[in-house]
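By written order: A, B, C, D and E. Residues from 1 in each chain.
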Amino acid sequence: MNPALNAVIVIVAGVGVCVSYFWLANLVLDKVIFPARGAHAGRNITRANRVRPWLFLFPALFFVGVYLAYPVFATLWLSLNDRAGNFVGLRNYNRMFSEPKFGESLRNNMLWLIVVPAAATAFGLLAAQLTDRIRWGSIAKSIIFMPMAISFVGASVIWKLIYDARDASLPQIGLLNAVWMQFDGGIGSVLMLQALPVIVLVTMALALGFGTWLLMRGLRGARVPQVILRLVLAVIALVLAGVALRWAWGAVVVSLPYGRPQQWLQLPFWNNFFLMAVLVWIQTGFAMVILSAALRGVPEDTIEAAVLDGANPFQIFFKIKAPQIIGTIVVVWTTITILVLKVFDIVLAMTNGQWETQVLANYMYDKFFRAFDTGMGSAAAMIIMALVTPILVWNVWNARKEMR
Amino acid sequence: MADLKLTGVEKAYGKVKVLQDINLDIKTGELIVFVGPSGCGKSTLLRMIAGLEGISGGELLIDGQRMNDVPPAQRGIAMVFQSYALYPHMSVRENMAFALKIAHKPQAEIDAAIANAARILQLEPYLDRLPKALSGGQRQRVAIGRSIVRDPKVYLFDEPLSNLDAALRVATRIEIAQLKEHMPDSTMIYVTHDQVEAMTLATRIVVLAGGGIAQVGAPLDLYERPENEFVATFIGSPAMNLSPGEVVQTGSETKVKLENGGIAYSNVPTRDADMGLRVNIGVRPEDLTHAAGPAIFSGTVEITEALGEVTLLYLARDAGGAQVIAKLPGIHAELRGQGVSLSADPAKVHLFAGGKSLLHR
Amino acid sequence: MADLKLTGVEKAYGKVKVLQDINLDIKTGELIVFVGPSGCGKSTLLRMIAGLEGISGGELLIDGQRMNDVPPAQRGIAMVFQSYALYPHMSVRENMAFALKIAHKPQAEIDAAIANAARILQLEPYLDRLPKALSGGQRQRVAIGRSIVRDPKVYLFDEPLSNLDAALRVATRIEIAQLKEHMPDSTMIYVTHDQVEAMTLATRIVVLAGGGIAQVGAPLDLYERPENEFVATFIGSPAMNLSPGEVVQTGSETKVKLENGGIAYSNVPTRDADMGLRVNIGVRPEDLTHAAGPAIFSGTVEITEALGEVTLLYLARDAGGAQVIAKLPGIHAELRGQGVSLSADPAKVHLFAGGKSLLHR
Amino acid sequence: QNLLFPVGEGDFNWESYSAFDEAVNLDGQGLTIFGPWRGEDQVLFESILAYFTAASGVNVSYSSSENYEQQIVIDTQAGSPPDVAILPQPGLIAELVRQGHVLPLGDEVQSWLGENYAAGESWVSLGTYDGPDGTPGLYAFPYKIDVKSLVWYVPENFEDAGYEVPTSMEDLKALTEQIVADGGTPWCIGLGSGGATGWPATDWVEDLMLRVAPPETYDAWVSHEIPFNDPAVIEAIEEFGWFAKNDAFVAGGSASVASTDFRDSPNGLFTSPPQCYLHHQASFIPSFFPEGTELGVDADFFYMPAYAERDLGTPVLGAGTLVMLTQETEAGRAFIEFLQTPIAHELWMAQSSFLTPLKTVNIDTYANTALRQQGQILLDATTFRFDASDLMPGAVGAGSFWTGMVDFVGGRSAADVAAAIDASWPQ
Amino acid sequence: MDGIVGSKPALRWVTHITVALLVILWIIPTAGLMVSSFRTGDQITSSGWWQAFSTQEAQQPAIRITGDEVQEGDAFVIEGRLFANAATISAWGTSSREPEAYAPGATADIGDGVTLTLAEDGAFRLTAPNSTADMRLPRVFTSAATAPEFTLDNYRTVLFSPLAGQSIGQAFLNTLTVSIPATVIPILVAAFAAYALAWMQFPGRAMLVAVIVGLLVVPLQLALIPLLQLHNAIGIGKGYWGIWLAHTGFGLPLAVYLLRNYMVSLPRDIIENARVDGASEFQIFVKIVLPLSFPALASFAIFQFLWTWNDLLVALVFLGTGNDQQVLTGNLVNLMGSRGGDWEILSASAFVSIAVPLLVFFSMQRFLVRGLLAGSVK
């Protein structure tokens, strides 16, 4: 048979089976099991309606159960066994916690969890908001979306090309180094590489300080959970402000190795950010598409009302639009956060966790498929899953709130 | 302090001209009401004044300054939207405070303004609720409150009371009227479907129809001296009864022989040349009385609607198919099914030829 | 064919009881209008009847069958929503056809029903537009049309005319009344803020207040014989004037000495025991006339509102702070600033003690 | 089926082919083979498979994947393995065997291997693993060998500068220093390989290990009888450090070692002026030389010499792929039989990138002199050892050993690194 | 919103500039890949892609003299050109140590009486006293300015190379066969579930939402072995059904999550109105909710399609690795050779494989439209 024809038949069959399930199941429910006829019509309908949600949910629950939930339990079990299949309790976890690589992964993962979702969502929101307002917006959108169409491994390759370093005597083929080599330590370099970052960092620290002040200001009279939340946020903001100031100072005193090509992926600590850039580059398109749909759903009259109220575009964006799509922002943030926890391809392809860039997902992969240590691999997987608990709680809370 | 001038303003959506050649001069302190059939462009005109819609042609001047391209926030206006347009994520209090916070008003002032508005609109119990937990009318009140607190030069209202109950409507209407009196300098433009609102509030009413202005005038002017049939039937509820006939006697009192067989006298003066002219006479339902002498309308009462203080009589359609309605004071349910003869004071009988009032030619 | 019975129905959102102990018996063919202040739970009650809100307590019977747990579609109702609720992705025609298609009606029948509804509601030119290209009023009409085409047992209307202009409102109101007449078997429940609508359409009016039913009765009953002050002031616009006083003469004609100094006579009979009773007298603005003899109210006219056929006089507040409004026929702008004395036919003077009408005790 | 070399023509052992053809008749049977070869290698392998199909009638379906290690683990564990699996990692094979996913090949094959492969016992031991019950047996058949003890250079660069090919490690070190003295940079070393970054260094260390310690130490090291931080191992690592951690010895300085991609690093040989003169890498590397580079003319190699003074012979480090039966099929057994025919080796030898220790092949069938010389190195070896990192457990050989080497060139001391690697050895 | 007058031009400029910056930032990596895909492997590794468009003055790789020998008197002469394309030589040499020893047009003595003359345009003339037939001809090192040069070879390799075993066309079909149902099925299943979770009343709703969010995080790798075991056990084995089911399972949580969140934001009145209109839940879903959820469906469809299109791991595990089941990614990866790292193939194949996803994105983009709900409610 012609392969194309074959493909079409297969596609039609696959989709057809799925459609007919829903259609037939509903038909059977309404016409055969609980027919809306005869003496018990009313009761039957009520009953049918009590069953129907489960009818709608069944395939999803089935798939999710078999394809995701079951492996989770299998993994949980595996994590309590050694590789020969003997039950060892929490020994795998113990071993894992004592591995320095694990600590490193956890640390890096935290960094990823903060930076990537924040950056991708922020850029996505920016792109969504701005591209909707200009005529060539859809082209811009397509371009920002393009990285989404490239596989993680492909993206890693692209970025390796950017981070590539050659000997100083050779022409650089890595863009970043080519740019870097333009800096010679002169006044321009100082302005660009020291003054600018210092300004940005100090501004950030000030903004965070201001945020802390705002958080503390409304403390009196707030309810207890609010107080706790605010205090926690304030502490985080203060810490971040401190970090920003320290970095600013670092940027002041730093003497940069001008004229020497840099191995970006080997600069300890900073290389994490170079890896994150790849994921941010990819995920911004995702955030943008989802958020732009949400932004378009914001009722226009509320925006018009704000315009009349004298709000400037920034205020409209931050005070009117953003709060109205906060649900979607949470969704995007959550999705990217979860992706961050799962994605290992980038680290695997670019550094394989070397130079202190290990992350949990790659650590797990390592244990599973390199060390054949299913016990520890599973333990790492469980840790990854444990990390989403806060997100889970947050989402349940959100779902509850909106159902009320 | 704020007078508006519209000259030749028009609005087109693509090729569809929704409004054209709107000329209007609004003086400081006026309260102008736009009325007109649904879809005639009232909201659109209001939005153009607010700056929410571009002006396709013509000029809008506020205080003599050309405003066509001035952003909404700089026009010194506040607007109450037909669709509430509340900020769904803010409590009622925050909704009202928003504009003031944006303007960096001191907190005390904000609180005072909100307290005042909330009192006027009976919103005190709801100040900390989100809009979604309010009823339709409560939402509308918040929307009004939002503009009251801002104290702008020009108020724009797009059917602000349409979701209030009668009592609150009267109360709010009076509040708006008093608001107006306290701020003789602020100009208000008000779109409504409610004739009572229009009649009571307006210093002048603008009747929009078919993309243009049908008539502008003081409420009673429109009521007593409509320029054309459209305004005549549009203003007043139930609408003025129109009936075709022929002028059979001219002079300071005109006599019209109606096609339905009735005879009408009107105080509208006619010239000799008008003899034999085909005209429509118009009589408001409330101006019809039981006829002793020659009747303008006579027929059987088909339906009666008792409104308490008055009763509406719906006469059976005559040969011409026109529905005649009369509004008689008191309760007259007993007239149903009976024949009645109705006539009117000649001072209350309008004459229209070719749609235009003979009074205004 | 469809009578409704509500017994002890109540509704609570969490702890907040919005409605309680609603008992109502609606006969086949009635047109019941719910009125009440904004936020009193009219929409909520309607939605409970439709099955869109759960019933927290009590029972709802339609045609004797308990409907508390029957899904909306099986209750044989059609509903027009306060917020249009049009299907935004369907043209006007498709919006109207939706329910019929769902019910597998033949295409010819669907077309006929739509053509009919479109004609009634003057929607013919818009049949192929999407809702977003319609004005507010046009959307509202589509929403009405959608229920008309379905020809259900029970119609539920939630302020269906609130966005129509006066003319269309009257026309649609009459159409609804005629619709009702053509289908004597269909029951209608109608929520409105518009008194005229309520008075003209209703076979009975249900006044809701404070989560319960304040009074149920035929329109004129409510107007003429309100059971309590709430209904008295709520029905009729402007509201009935209330003034406190003391019964100084009992019998078939009661004499009340008012705190503002006036004297009022009422046809409401009182017993001897009522002597000295503190009562509120109530007089509707339209029942006040220039007094020849002893006046009920006298004072300076502060504001006049000329509505054309009648003029509203707002008297300066007396010592008690009550605002007295009078509605006099004709145009009386000249009275502004002048002192007037007003009295009323004793038959039109209501008496309330402790909020309750003395007529109904 | 189009066979690359017409049957009966050329210097090939066609008798073995016809003998196999006659003995085996499995028309219509299918065989799935999963292997590491993709791209050009896949084309080469499939050209060999064509003969197998022609002779046996078995329909072979070969597949490969980028993550073939992961793939084979999943497939075998999930119970849908291919019929035949070919893997270059003895460590992984050991794991699969232990889990019972591989079938023993039998004594016959074992004795054949001992007899017919040069240094046969070392090949037998390479294919021998502990089965699920702990008893050792032959589970894997070595086929296609790579020689790793090679140093690549550009003859004309040597001529231009007047350098000679060194014959002892002492000479090599002297040459290194000489080049520095002449203002050049001797070595190009690149460890970068994405997720596998670090592995080229393990080849260095293993090669040097064979040159500083006797093969028994090497074996003990591989089987963890001596700890990873045994002085011998540390010495070997430090030897590597002598080359790699000296900024003057390495193009781009030692800092660039870990990051330069191993595929890019030989390019330094071909720049002008040359970035470097020497490059240590296995026999596959010419496929990464610039386009049009002619082996033997534009680039050449020499055997990575041993210390003259240590008298450890001429040890050779190598690697290779091993063929396993993961399902019991007639066709699979027949395939193993086919691999025992000289023709299965010669046909590939005649194309490229294939070395074999099979003694019965006609060495003239090697496609070019370079290959023949490599084959010769294989035959001349007094000691042949398989790549240690491939033999060690995956956690080390494909994990901490790689990363440890990166850390080492990044500045950590040999002792530290070795201790860390030893700590990661699975218990 | 569009109608609002008088937005500040400065702000518009800021918007344009910001978007332009974003776009540039985002396009640079891809542009680099794009340019690289038209260069040869040697070019990619010898100069930055941004230099590909300009004439480059650079040290060229050594070129060995080749050509037919002609006897001219007692000298043997080989003439020819070094470069196939236009190039301007600024200096040259015959030794790797002194690659810039001579000026163009100069004659170098190579020894044994052999001389070489190299003109500026790359034309050379080698004269030798004896036949050079068994001699190794010299290499020439040049510093030359070469015009930009691009090649379609990479694409030719990717699209038509026999290396991949099967034709790319078959791989395309296979990938489509995988991707389309693997996109449509989860959307269907998830849309129903999302509707139930958003608009139907039943106990445990919030809990289920939480569970689904929680399962978003399950790393794929965990599930592969147990699931393949399952497929083998129930007889699906490897094949299209297996991969569709797997993709459906893995894609569902995100789909349910995204769609539910979109659906809860639909106006309640519309759905209630449909309920009153007599539509069954099924009809409400199909006729009202589904059309109104189009933006969400479209965006998820894009993501799921991209994901399945770019997926290799799941395809390899659940579909098999044979040539006839090879998906596009598998096909391209195989091209890259056992040791990977062919930049030029990689870049070309990346562009071949993103063509379809981009097409999908462009065609779906118009469904992510503004104001689907406009006009429905007050």
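Throughout what follows, a residue touches a chain if its C-beta (ideal position, glycine included) is under 8 Å from a C-beta of that chain, and two chains touch if they have at least 3 such contacts.
Source: prediction; values computed, not measured.
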{"item": "Chain pair that, of all pairs, has the most C-beta pairs in contact", "value": "A-E"}
{"item": "Chain nearest the overall Cα centroid", "value": "A"}
{"item": "Centre distance in Å when subunit C and subunit E are each reduced to the mean of their C-alpha atoms", "value": "67"}
{"item": "Subunit A-subunit C separation of Cα centroids, rounded to whole Å", "value": "55"}
{"item": "Computed distance of Cα centres, subunit D from subunit B, in Å", "value": "93"}
{"item": "For subunit D, residues that touch 2 or more chains besides their own", "value": "67, 70, 73, 194, 271"}
{"item": "Per-residue overlap in subunit B, given as positions that touch at least 2 other chains", "value": "51-52, 71-72, 82-84"}
{"item": "Of all residues in subunit A, the ones touching two or more other chains", "value": "49, 304, 307, 369"}
{"item": "List of subunit D residues in touch with subunit E within their complex", "value": "32, 34, 36-43, 46, 61-67, 70-71, 73-75, 77-80, 154, 156-157, 160-161, 194, 261, 263-264, 267, 270-274, 284, 287-288, 290-291, 294, 297-298"}
{"item": "List of subunit E residues in touch with subunit C within their complex", "value": "267, 269-270, 272-280, 283, 287-288, 291-292, 371-378"}
{"item": "Sites on subunit B touched by subunit A in the complex", "value": "50-52, 71-73, 77-79, 81, 83-90, 98-99, 102-103, 146, 150"}
{"item": "Subunit B contact footprint on subunit A (complex, rising order)", "value": "299, 301-302, 304-312, 315, 319-320, 323-324, 326"}
{"item": "Of all residues in subunit A, those that touch subunit E in their complex", "value": "3-4, 6-7, 10-11, 14-15, 18-19, 22-23, 26, 30, 49-50, 52-54, 56-57, 59-61, 63-64, 66-72, 74-75, 123, 126-127, 130-134, 137-138, 140-155, 157-159, 161-162, 171-175, 178, 281, 284, 286, 289-290, 292-293, 296-297, 300, 303-304, 307, 313, 327-328, 331, 334-335, 338, 341-342, 361, 364-365, 368-369, 378, 381, 384-385, 387-388, 391-392, 395-396, 399-400, 402-403"}
